[in-house]
Amino acid sequence: MLEQQLVNALSLGCVYALFALGFTLVFGVLGVINLSHGAIFMLGAYAALEVVTRLALPLWIGLIVALLVAGTVGLLIDVLVLRPLRARNAPHLIPMIATIGIGIFFNSAVQGIFGAENLRFPSEAMPDAQLHFGGVQVSVLELVIIVLSFALMGTLMLVMKKTQLGRALRAIAESPKAAALLGINVEGLFFLTSFTAAALGGISGVLIALYSNAVFPLMGQPILHKGIAVIILGGMGDIRGALVGGLFLGFAEVLAVAYIGSTMRDAIAFGLLFLVLLVRPQGIFGKLLERKA
Amino acid sequence: MEWFDNFWAVYSNLVLTIGINALLALSIWLTLSCGLLAMANAAFMGIGAYTASLLTMNAGASFPVALLGGIAAPVAAALIIGAPTLRLSGVYLAMATLGFGEVVRVMILNADTWTGGALGLNGIPQLTQWWHVVAALVLVLLLLWRLRRSRIGRAFEAIKEDQIAASLMGIGVMAHKMLAFALGAGIAGLAGALNAHLTFFIGPSEFGFDRGVDILTMAILGGTGGLSGPVLGAAIITLLPELLRSFKDFRLMLNGAILVLIVLFLPKGIWDPMRLRQWFGRAGVR
Amino acid sequence: MLELARVSKRFGGLSVLQDVSFTVPEGKVFGLIGPNGAGKTTVFNLITGLIAPSGGTIRFKGQDLPGRQPHRITRLGLARTFQNIRIFKEMTLIENVIVGMHAHLGYGVPGWLLSLPGFRQQERKARERAHELLSWVGLDRKAGDIADNLSYGEQRKLELARALATEPKLLLLDEPVAGMNSGEKVELMAGITQITQRGYTIFMIEHDMRFVMGLCERIAVLNFGRIIAEGTPDQIKSDPAVIEAYLGREDDEVTV
């Protein structure tokens, strides 16, 4: 019934929001649309899977490893590819194209190494307990997803609003050159942002992998497309936008599937995207102005 | 001639595919020349492919009519979505057109009574002859070459450099963007129609994000400075899997790596008249 | 020729222009001066259709301008240069100027597609005219150079030539000599005088008083979004409100 659907929607929305958060962070601070974020998401899932299956370690360690692996990959992408392009003052679509290449690279590499089939987490590793709140059944997994997501998002928002670091990041988001003149270590913060955004992506990868119990090389692509829809809906570069947009999409999808039919599920994201772009292209929280150098 | 017959028997599809990919690369070159990063050409290709195929298969139309339909339908779609989306600039436009591509893909999946849904359309009559592809390519190249030399081509370049300054030169910016967008859609649709009648089978997955990325790669790799670039890029991207056949699963990996390396080291692509001039020592100005 | 009547502009709660009224007479050089931030470039942006006024009317040769697209306003006979130079850097000088002729090239699709005689003739004429305009600003020998290679002063001259290519009746010049050295300023002053003698009307925004007083036949003064004076250079020089507005400002030369 409805309450059940709402819980499902909430957990799905949280994962979308986490993914979108990483995506929008990179756009907001670095000014780059990182289309390899889907691949990073996938790498997180595979990392956790390997830890749990091959090393037989508990899931929470897998999650941490996923965080570190994804974060490192994100950092390397920034250092090896995005930074040289920044140094060259490349027009902003060029880094996006490079990240497309990186995404393809990782997707195929993983496919080559692990094969294209759907892999699953071993059932012993997955939490399967069900909890009951009122008349609603909530699995431990869903609870963990919701709590973890909100904890991460809350921390991020706190950092952005109340700390010196957050202020520095917001300054960079406005204008990196001006921020540098204020003595802010812009490059260092770019690295930090890339790592953090990728780590968030990796975590959301593990969570979706557990939620749908499927790990496969191209798992990041549909999420990437939805992530695009989410941040356009919520406003590119805005954290609140990623949150609201992600949750909104989760709800819209689950309710659409429940009451209209599952074939329309993917269409929902893009239908919404289209409507938003026609009516209010900057999204709910976004600004139409391109940022200053 | 026997050598040629053997060669053709084995490689005709490959050569024709290069031609079709060249058309696609040129279609995105056209929009790029106006400063638009519109990633919808794969979707337009799909609309063209399905329209033309349905015309020949279900309506019994002749090939020329089907080709015209394959051009007209994407142009109509472009004109419809162009008005709201072309107001957007830069990354917003790229995202919007990516989104449009996905909408089209999902629509094709869902309209399965007509399009065959996920299973695609099978048994399309193989009407594409080699000379169709050659003629299409030659005509498109001619069109784009003449366009570049006209005031429209200059207007595109001006818009690409500075939209506002261009509008103050008396150039109707929106009208020109629509022209580039719709014409690019038509060319992509033509490529799709020709392709469908070559491969006799089409499915929705062929016209999604991956295809869009391939098309962009071809243009960027080849170089967007002139018309030769996209054609060169198309040839390379089409031939590469053949040459890398032994790599199997990893060939896409190479695709991705090549894209990154080009962006990093050859920012203007392979066919960059200015850099080539530097290398071969012809000094001076245009 | 150009009439602004009670024009106002607000951005959100901020009032940038209020009750701005003046007339640019035909065939003369008109100047709009005022301290930085007075709203001068906003006036140009309103006239050329880049932004819409919050109130008032703007008329060019009897036609209302607000509500029209920028390119249509240009086609009515208004051309403009920019404070921060917006030439097409990757095109050659001659290409920059020919772009300005866009609206006046009347060939259709068959013309350019088939390279018909009409097309070729118009393109040739355009090229000749572009060379002519470049020679008016002294840049003809560099016609084939890439615009980015020009010096700052030369780029300003190129912008002027390009604006002339649109065959305007009224030329709007936004700080035409900003950043130039004295020699270049003198050159441009002569160039603009020649242009006026050919029948163009000029409306300029400038900070350099000597330049403005030397060239303009009528001047309006804008301060904090309001017109505080309008008249001949002599009248403006001795207007108490004007002197007060400029008192204590180090950037402009008040004594002329």
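Order of writing sets the labels: A, B and C. Residues in every chain begin at 1.
We adopt the following convention: contacts are C-beta pairs under 8 Å (C-beta built on N, C-alpha and C of every residue); 3 or more make two chains touch, one makes a residue touch a chain.
Here the structure is a predicted model, which means the values were calculated and not measured.
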Residual chain groupings, excluding subunit B and keeping positions: A | C
item	value
Most distant chain from subunit C, judged by the mean position of its C-alpha atoms	A
Geometric centre: closest chain by C-alpha means	B
Centre-to-centre distance between subunit B and subunit A (centres being mean Cα positions), rounded to whole Å	30
Euclidean distance of C-alpha centroids - subunit B vs subunit C, Å	41
Centre distance in Å when subunit A and subunit C are each reduced to the mean of their C-alpha atoms	49
Parts of subunit A lying in touch with subunit B, wherever the complex brings them together	33, 81, 84-85, 88, 90, 92-98, 100-109, 111-112, 221, 225, 228-229, 232, 236, 263-264, 266-267, 269-271, 273-274, 277-278, 281, 290
Complex contacts: residues of subunit B adjacent to subunit C	143, 146-147, 149-152, 154-155, 157-158, 161-162, 164-173, 285-286
Residue numbers on subunit C that touch subunit B, as the complex places them	48, 50, 69-71, 74-75, 79-80, 82, 86-92, 95, 98-103, 105, 107, 111-115, 119, 144-146, 162, 165-166
Touching residues on subunit B, where the partner in the complex is subunit A	37, 84-85, 87-92, 94-96, 98-100, 102-103, 106-107, 109-110, 209, 213, 216-217, 220, 248-253, 255-260, 263-264, 267
